[in-house]
Each structure stands twice: as C-alpha cells, then as structure tokens.
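Each of the next two complexes has subunit A plus one other chain: subunit B in the first, subunit C in the second.
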Partner chain A sequence: MKTFKIGGIHPHDNKLSAGRRFEQVPVPKEVIIQLNQHIGAPAIPIVEPGEEVKVGQLIAKANGFVSANIHSSVSGKVSKIDTITDAWGTRQQAIFIDVEGDVWMPDIDTSCKFKPTCNLSAEVIKQKIADAGIVGLGGACFPTHVKLNPPKEHAIDTLIINGAECEPYLTPNHRLMIEKGEEIMVGVQILMRALGVDRALIGIESNKQDAIDELDRIAARKEGIEVIKLKKKYPQGGEKQLIQALTDREVESGQLPSSVGVVVQNIATVFAVYEAVQLNKPLIEMYMSISGKEMEQNGNFCARIGTSVKDVVAMIGGMPENTGKIIAGGPMMGKAMIHIDTPVTKRTTGITFISAKSAPRFKASACIRCARCIQACPMGLEPYLLYKKALRQDWDFMEAHHIMDCMECGCCTFTCPSRQPLLDYIRVGKATVANNIRARKSNEK
Partner chain B sequence: MYTILYTILLLGGVGAFAALALFLTAKQFHVQEDSRIGDIEATLPNANCGGCGYAGCRQFAEACVSAGNLENKRCPVGGDAVMSQVAGILGIEATSGSPQVAVIRCAADCAKRPTTNTYDGAKNCKIANALYIGESDCPYGCFGYGDCKDSCQFGAISIDPETGIVSVDPEKCTACGACAKACPRHLIEIRHKGPKNRFVYVACSNKDKGAVARKACEAACIGCTKCQKVCEWDAITIENNLAHIDGDKCRMCRKCEQGCPTKAIHAVNFKPLER
Partner chain C sequence: MKKLISPAPHIHSGDSVTRRMGYVILALLPAWGVSLWQFGLGALLVTAISVASCVLFEFLIQRFLLKKASTIGDLSAIVTGLLLAFNLPSNLPWWIIIIGALVAIGIGKMSFGGLGNNPFNPALVGRVFLLISFPAQMTSWPLPNQGFMHYMNAETGATPLAKIANGSLNISLNDLLIGQTGGSLGEVSAIALIIGAVFLLATGTIRYYIPVSILGTAAVFTAILHACGIGTDVLTQLLTGGMILGACFMATDYATSPMTKLGQIIFGVGIGIITVLIREFGIYPEGMSFAILIMNAVTPLLNRLTPRRFGAPKKKKQ
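Let's turn to the complex of A and B:
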C-alpha cells in the first residue's frame, strides 16, 4: 500500500460514527451566519435588517481575492447584523435571520434528481464555484475558485481528491463517499473539466474499505479516475503528504502543489462542487460528525449553516456531562472550544467530545533528546530545536530552519515521551516569523 | 649549556619580534576614540535593557556623543541623576524629564472576573492569546501567565499566587518598556509618576460596551463618563468605552477614584479612600 515517505504517526482512529447514516438536522427558528467563514477578509453583507431572504440567496459578497460569498441557508427575515462571540470568545460579525417557511431561490434544482452530465466550459464552471461561495471543506476554508486558478507558469496534469480523512474521530468524508459516491464522481469530472486534466486520483486510507469499494465500482465506468488505497497513517490528508503518497512527487519548501502539476481537493468540497454546478445550489449545508467516547450515541449530520451546534448535538442526547474538552474538528488538528452554543460555519467538519478524565494534558518533563519528534515530523523539521529557539525568541534562526513549512499537524507533540508543549511554541514562532516576513515585504515595497 | 643559551636567544628573539610587530600594528591602526564615550558608558547603569531605544548602554553613549545634545535621549533606568552626569560629561545643560513607571491596566482577580473555562495549554500569554479569549469572558484582560514578569530585568513585576493579579513595584520599575512589548494584549502602559512614586490610573483595558464589560468583570471600566465629568483638570478622555487618565495633566486629586462605580481607578502609594 502506498503512503508518504518521511515521518507520520499512528494514533487510534476512533471512527465511532463511521457506521451511521447522515441525518438531516431540522431547520431551526433562527440562524446566525458568520461573515468570516473562510481564510482572508470577512465578506461584506449586502442585505439590510428587515429584508426578506430565500434559501440560497446571496447575503454577503466576497471581499478581496482570498474571500468567498456567503448565502442564506434559510428563508425568512434578516433581524439584525450584529457582533457575536464565537466559540473561542472572539468577536465576529454575523447576520441573524428569523426563519419563516422554507422557500428556495427559483434557480436552485430541488428535485433530488441525479444529474450525471456536465457540458459547461471551464470558465463557466469556475465562475459557478466562485459564485456558490465554495471553500476547502477539509477545515482550512481556502476559497476553491482560487485553488482552481493556479499560476500560469504551472502546467497541471493531475487532480488529486483527498479522501484520506486521517484525522481521528471525524467521518463526514467517509459517509459522503458511501452515500453520495455517484455525485462525488460527477464532481470529480467537473473539476477535471475546470482544470483541463484527464487524470484524477482519489486517495482513501485503508480503514475505509467500504468507501474504497464503492468509489472503485463507480470509477470503473469513468475514464481517467483511479481510486488508490493508502496505508493508514497520520497526516496522510496533508496536501504535500498526499501528493507524495499518490504520485511520488515532492513539493519543495515554500512552493504550491501546482508547482508539481497537481491540484488537491477534499471529498466534501467535490460534493459541494457537484451541487453548485449541477443543481445551482450554493454552499449552505455542512456535513459533520458528532462523536465522543462518552456520548450516548455518535452520529453524522447534515445541518444548515448557521444552525446552533447545540441543536445538532441535542439530536443525539446532548453534550455528555463529564465532558472535559470540546473540540471543533478532530483531536489532532482541531481547536478546543469554550462552549457549543455557537453557529455551524463552513469550518465545522465535526465536533469531538473528550471526557474530563482523558482531556487534561500530561505534565511536561525535561527533553531527553530521543529525537522522536524529528522522526515523526512529516515535513522533515526539527521540532525540539524550533521549540527551544521559540523559548529564546530567536525568530531568525527559526525562519532559516524552515518553520514556515510546519503545517501544525501535531505529530511532534503527540509522540514526545516528555510531553513537551512543542507545537504550542512552534505556533508562536510561526506566527511571529510570518509577521516578520510580511513586514519585510511591505518595507521592500 | 649551549642548549639553554640558544633556547633563550631564540625565544627572546621571537618575543622581541612579536612585540615590535604588535607595536607597529597598533600604531598603524590606532583609532582615536572620543574618551567621553567611555566616560558616559561608565556612568550609565549598564543594564543594557534597551529602554532608551538603543541596543545597549554603549550604543546610547555613542549616540549621545555623536549628536552632542540630549534631545530625545534619556536613560529611563538612571533617571535624572544619571542624565545630569551625562550632561556634565558632554558639557551641556541637563534637561530633566519626569520619572515614569509601568502600570498594568487590568486588576481583575478570579472573584471579580468569573472563570468560564480552564486553559490547559502551555502557560504563556502569547500562546493563549493566539488561541482564544482566555479563562474569562473579558477579551482584553490579563492572562496572568507572566510574559511581562519574565521580560523584566529588574524584578519589578510580581504575580500574586492567590489572586493572580500582576503588579509592578514602582520603586524597582525603571520604565524601560520591555514588559509593554512582551504583553500580547498591550495592557502595560508607561506613564508619568508624581512625587513619592504616586500616580492615578485606570486599571482596565476593556473596550466593550458597559453592560458587556460589567458582565465579564466587576472591576471593568464601563465608560460611564463619571470620572470625566468630575475631573477639574481635563485629564480624562474616554475612547471606545474606556477611560484614560493623562499622567501629565493629572493633579492626583482622586475625585475620579472616589466617583468610579466599579473601582476601576487605582491610586498608588496613597492612603485608601474613605468612601
């Protein structure tokens, strides 16, 4: 089985919700739609309080290059545009909509009919994706239309679809592949058309055999699409790792995947592309898994953006009482939240509950120089050294040692026998170095 | 016998040659340095804290001598005493500046500011600030993990282990500004202090609307403008729901302190007010 070459770890995958079908979360009475649901500048609202909106109506416009449109996920009346406190306590602008009925925009196809053919030109497809406000749904939320327009000097020959889902606990991509396999395959063909490539590789980890079988069955009927089984290893879903595992090409430090002729898209993104291009349906629903070892029941859900996470969790018995940590995403790359009374955004791919018993960190002891973090780092960095330098605030050294290549996967901290907070400090270093680089660039200008 | 003689002659010869070479080199490459630089450096505290804006005391001394005046140059650690000595060395009139002190514009302990969650990450203010709001509902307040304390070279900052309140010892503080740079929430202000190390300041940085700020913390400045109205010296300005007392204009009458409904205004080195 194929996998990437250096580093990586093997955490328990704990895919507790893998066997559960998606359940539709009922439309709530009120939705709160945040204006920054993507990397880059927050979108600019184009509706006024008191205005009537329909499902799928554009309510906020992309603001700048790396920004995305935001659509109403419900029909009703805009009650206010106000600041909310998100799950990390930061103040965010959001549009509040009181729900009345469920009236969709007339151009959206709600007939649930499967549409396998697409004859649109590449430009039209890209425009449709940009209009639909689609962002990378693996959690990074980078606008998809920007990714589909790689620099002109890079010739793209392969599209890679990320079905690795290496993050423990999360299962939405797994379920999408099983339940929406046909649609995803059409989505892949649409993306191949948009990029002008005739080869697509779908990488799926070996712990999702049913998804591999399903997609393999459909791929046999399609031309140029190949499903490849990958060895289970974290962080296989990292862009650079997946490219290496599937094509044996190495993306150099500081370069984009397009420099080796590859564009990577996530399974959930591909499904959103299908809906946007074939059904004219913008990104208004999120597929997510809610799981935890202490939960009465684990499950996968499809919820309108803006629904309270609390409502989704209530569908399977609410938050367990002995929860010690709530994580947006999975335990490796997810971010701990303060509470669950927060709206679903394009970032919400899953919520993981960790019990109070297993949540606290272990006490750190001194570094024993075992170099396990170096073995584990998939980017070939020296985490212990970067950590030490971050403590001493030696930012220039960190920059010279490629700290900007770190993708914050957390393998180093996971594997450290002394439980040192390696990644915490590396993140500070990365943020500072990024600031320094930005300051230098603006000085040069 | 000869062995010893030759050895002495050879080594002596090498020594004499090396001495001559060193002497000539020193003569050739001699740099005439202004002796005042060394003198000034000797009078400076040599803390090399960077509080003056230069890399260290030596660089400060060089800058003083090359400029020939003391405009915009001040050693915050040494204060007026050292600056008058420096002026004496340069042969110019000393300009006196008012002494300054660092204040932490947050004075919320756990009783005043209820905790809503527990932070489990590395105990470092920068890391916590990059992650989220902190253990309370106030997005402006002090974390209390001591980045400022670690940055202080003079041991002026201490953290009360019981209440978690960070405080500055005005006696030890030299106003070098290292802590102000270290604080990721920009809570630390370098401000003027009056005689007997006395000063009055607003110990809060919360820019939320009054009700929101008050809900997060009992000791928050709620921007009620009471202090502004009571001040006879125009020293208080309110911007973004937050009061600020200008240290230059303040005459330390303490009327604002008396009127503050949340006791967010602190007077240091005074007797407690009778309310």
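Let's turn to the complex of A and C:
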C-alpha cells in the first residue's frame, strides 16, 4: 500500500460515525451567515436589512481574487448586519436572516435528478465555481477557483482527490464517497475538464474499504480516474504528503503543488463542484460529522450554512454532560471552541466532543532526547530543537532550520513522551518568523 | 461545566518517560534472571545496593542540593542503577558499589542538570570511575555456578576476554550464549540480552541503527583483523564481554546518543571500531565502556546532522 515517506504517526482513528447516513438538519428559524468563511479578504455584503432573499441568492460578494462569494442558505428577510463573537472569541461581521418558507432561486435545479454529463468549457466551469463561492472544504477554506488557476509556468498533468480523511473522528468525506459516489465522480470529471488534464488519482486510506470499493466500481466506467488505496497513517491528507504518496513527486519547500504538475482537491469540495456546475447550486450546505466517545449517538449531518451548531448537536441528544473540550474539526488539527452556540460555516467539517478526562493539559517533564518527534515529523524537521529555540526566542535560528515548512499537523506533540507542548511554541516561532520575513521584504522594497 | 481551550493537537499517544524507562527495566530482566542463576546471592545484593543507592542519591540531590521536586518517579534512576550493577562483578564490596552509584548519579547525571542533559551515560561514568579507582576489585570476576549463597566469598577467575588476552581461552559457544562464564553481572548471557533487545525494538523503545551498526562494524573489523592473523574470531568477539549489553542497552541511551538516523549509524560505527581496537591492542581486555563514552563526547557534534527534510531543494539555487 502506498503512503508518504517521512515521519507520520498512528493515532486511533475513532471513526465512530462512519456507519451512519447523512441526516438533513431542519431549516432553523434564523440563520447567521458570517462574511469571513474563507482564507482571504471577508466578503462584502450586498443586501440591506429588511431585504427579502431566496435560497441560493448572492448576499455578499468576493472582495478581490483571493476571497469567495457568500449566498443565502435560506429564504426570508435580512434582519440585520452585525458583529458577532464566534466560538473562538474573534469578532466577525455576519448577516442575520429571519427564515420565511423555503423559496429557492429559479435557476437552481432542485429536481434531485442525477446529471452525469457536462460539456462546458474550462473557463465557464471555473467561473461557475467562483460564482458558487466554493472553497476547499477540508477545513482550510482556500478559495477553489484560485487553486484551479495555477501559475502559468506550471504545467498541470494530474488532478489529485483527497479522500484520505486521516483526521481521527471525522467522517463526512467517507460518507459522501459512499452516498454520493456517482456525483463525486462527475465532479472529478468536471475538475479534470477545468484543468485540462486527463489523469485523476483518488487517494483513500485503507480504513474506508467500502468507499474504496464504491468509487473503484464507478471509476471502472470512467476514463483516466484511478482510485488508490493508502496505508492508514496521519497526516496522509496533508497536501504534500498525499502528492508524494500517490505520485512519488516531492513538492519543494515553499513551492505550490502546481510546481510538480498537481492540483489537489478534497472530496467534499468535489461534491460541491458537482452541485455548482451541474445544478447551479451555490455552496449553502455543509456536510459534517458530530461525534465523541461520550455521545449517546454519533451521526453525520447536512446543515444549511448559518444554522447554529447547537441545533445540529441537538438532533442526537445534545452535548454530553462530561465534555471537557469541544473541537471544531478533529482532535489533531481542530480548534477548541468555547461553546456550540455558533453558526455553521464553510469551515465546519465536524464537531468532536472529548471528555474532561481525555483532554488534559499535561505537566511536561524534561526532554530526554529520544528523537521521537524527529521520527514523527512528516516534514523532516527537528521539533525538539525548534521548541528549545522558541523558548529562547532565537527566531533567526528557527528560520534557518526551516520552521516555515511546518504545517502544524501536531505529530510531534502527540508523540512526545515528555509531553512537552512542542507545537504550541513552534506556532509562536512560525508567527514571529513570518512577520520577520514580511518586514524584511517590505524593507527591501 | 468549564470547557478547556488549548491549541491542537487535543489528543496524546499516552506515551511517557516512565513507560519508556519501564520498558528498559523489563528488557533487562531476562539477563538479570540469568545472573541470579549464575552468581546467586551476589548478583541480587549488588543489584539491590546499586539500584537503591542510585534512587536515593537522585532523591537526596534533588531534594536538598537542587531544592526542587524529585523526579525519581520517572524510573530513570532505577535504569541507571540496573545498568551500573550489570557492569559490576557480583562479588564487589558494598561500599564500592555505593561510591559507583554516587559518581554515576551525582557526577554523571545530576551535575549536568538531570535526565536528558547528561552528555555521558551515567552508569558507564560510574563503572569507569570504579574501574580506574579499584582495578583489583573490579577485575576479579567470580566464576559461575558456585551455588546460591555466595557474595564476597565467591571464587574468582578470569573472564573469557581476559583468557583471550593471555591466550588460554577454552570455552564453548553454548556457554557464551547462555551465560556459563565468568564476567560482569549482566553481560554473561548473550541470549537473554538479545531477548531483551528484541523487546525494546518491538516496543519502539530503541531503533536498530545503533545496535546493528556497532555489532556489524565490530564483526567486519574483527574479521579483517582475524584474516590478518590478529585477534580472536568474529563470534567470540561479539558474544564476549559487554558487546551485546553495550550495543543494545548502553549505547542506545536516549540522552547520550545522536538523534538522527545518520548520526546514530556513525555513532555505532565509531563504537564498533574503538571497542575492537581497545580489545585487540589496548591494555584493557574490555573496551566497550570506553568506546561508548568516547562516542558520547562526539554526540553533540553528530546532532548537528539534520534529518532528511521533506522538499529540500535538490540543487542550490544560483
């Protein structure tokens, strides 16, 4: 089985919700749609309080190239545009909509019919994707149309679809592959058209055999699409790791995947592309898993963007009593939340509840130089050294030791027997080094 | 209920320093069992005194000299105590063992800042200190199989390595494997030590680079010398003295060995060559301890070798 070559760890995958079908979350009475749901500049609202909107109507426009459109996920009346404090304590602009009925924009195909053929040109496809406000739905939320327009000097020959879902607990991609396999394969073909490539590789980890079988069955009928089984190892879904696992190409430090002729898209993004291009449906729904060892029941849900996470969790009995940590995403790279009364955004790929007992902050002991962090680091860095230098604020040393290559996967902290908060300090170092680099560049100008 | 907010990752492997040290202790038990069988009460007493005094000294130094919380719970002092005992003859007087433990913990470990900061393997620091200070007691090894009730009154004789040095070796390979020879407490049975080493490899406590490169280098170097008519044959070289104990348990000490694969291989090759050189050409019959300590000194330099980095540019940009 294929996998990436350097480092990696094997956390328990805890895919508790893998066997459960997506359930539709009822449309709530009010939605709160944030303007900052992607990497890049927040979108600019184009509706006024009091205005009537329909499902799928554009309500905020992308602000520049690296930004994304935002659409109304419900029909009703805009009540206000205001600042909210999200579950991470940051203030965000958001559009509040009071729901009335469920009236869709007329050009959206709501017939639920499967549309397998697409004869649109690459330019039209890319425009539709940009219009639909699609961003990378693996959690990073990088606008998809930007990724589909790689630098001209890079010739793209392969599209890679990330079905690894190596993050513990999360299952939305797994379920999408099983339940929406046909649509996803059409989505892959659309993206191949958009990029002008005739080869697509879908990488799926071995703990999702049913998804591998399903997509393999469909791929047999399609040309140029190959499903590849990957060894279960974290962080297989890291872009550079996945490219190496599937194509044996190594993206150079500081370079984009397109420098080796590859564009990577995640499964949920591909499904959103299908809906946008074939059905004219913008990105207004999110597929997510809600799970935790103490939950009465684990599940997968499809919710309109702007629905309160609390409403989604309520569908399977609410948050467990002894929850010590609420995580947006999975436990390796997800962000801890203060509460669950926060709107679903394009970043919401899952919510994981961890009990107070299994979410402690450890008291660190001295580094014993066992080198486990070095063995675990998928980028081939020396986390123990970066950590020590961060404590001493030796930023130049950290820069020379390639701290900017770190993708914050957390393997080092996970594996450290001395339980040192390696990544916490490496993040501090990364932020400072990034600032230093920016300052230096602006000085040169 | 309050919710904890902290950066990712939110889960941990569950690994701990105590667990790592516990695995090393477990891995040393088979060899210790053989010592009890071979050397009886002496082995038991030497180990008990060594371990107890190592733990006690670490506790006292941390409590009264450094005035900080004691870390004896991480079991590393027990590992040092066990390894020190493994490197001592089983008839060594109790007060010498206590001096050895004091040097090992006090000078070898705590003076540098405790676990993880010591440049030299503490147990070997203790052992070599004793070897130089009390050469007579440290080189009169009791003969095996004298019955259980023997400690300082045990009959002594030369070890296989000493016999090789004076050309009177007459011992079968079987005896070397199961430990029917004289020698330091823990070094006698190759099989028991290998069982422990396999356990350490299987649990991921150590990686194979250091042991394999030490044993491989020693084997190749010995074979070359042997072909030139110098020294002993390969198997005797590998199975006698502290070769396996040193390669699998002493040289692999986390704090004092290099951290990258390449560093570990160079480290192992160095130890292999120095050991054979001392054994064949030096005045001591046994060279493992010195070889490891010498290479320990090189470790900080070897740690400057960086691991293979993902996406490192192949060519330097013009």
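Heads up, the rule we're going with is that the second predicted complex is superposed on the first by the 445 of 445 C-alpha atoms of A that agree within 3 Å, B and C clash if a C-alpha of one lies under 4 Å from a C-alpha of the other, contacts with A are read in each partner's own complex, and residues count from 1 in each chain.
What we mean here is this: a residue touches a chain if its C-beta (ideal position, glycine included) is under 8 Å from a C-beta of that chain, and two chains touch if they have at least 3 such contacts.
In this text, all values refer to a predicted model and were calculated from it rather than measured experimentally.
In the superposition on chain A, contact of A:424 is made with both subunit B and subunit C.
In the superposition on chain A, the chain among subunit B and subunit C reaching more residues of subunit A is C.
Of the two partner chains placed around the shared chain by superposition, subunit B and subunit C are both touched by A:335. By the touch criterion defined above, A:379 lies against subunit C but remains apart from subunit B after alignment on the C-alpha atoms of chain A. Using the contact criterion defined above for the overlaid structures, shared-chain residue A:66 touches neither subunit B nor subunit C, since it reaches no partner. By the touch criterion defined above, A:367 reaches subunit C but does not reach subunit B.
When the shared chain is aligned, subunit B comes close enough to touch A:91, but subunit C does not. In the superposition on chain A, A:359 contacts both subunit B and subunit C.
Common to the subunit B-facing and subunit C-facing surfaces of subunit A are residues 325, 335-336, 338-339, 359, 361, 424, 427.
Contact residues of subunit A toward subunit C in the complex are 6, 9, 11, 168, 240, 244, 250-255, 321-327, 331-339, 354, 356, 358-359, 361-362, 365-372, 374-375, 377-382, 384, 401-402, 405, 408, 410, 413-419, 423-424, 427.
Remark: subunit C residues 1, 3-13, 15-17, 19-20, 71, 74, 76, 114-117, 207, 254-255, 259-260, 306-314 touch subunit A in the complex.
Listing the residues of subunit A that touch subunit B in their complex gives 85, 88-91, 325, 335-336, 338-339, 359-361, 421, 424-425, 427-428, 431. Chain contact summary for the complex, subunit B toward subunit A: residues 116-117, 120-122, 124, 126-127, 130-134, 137, 139.
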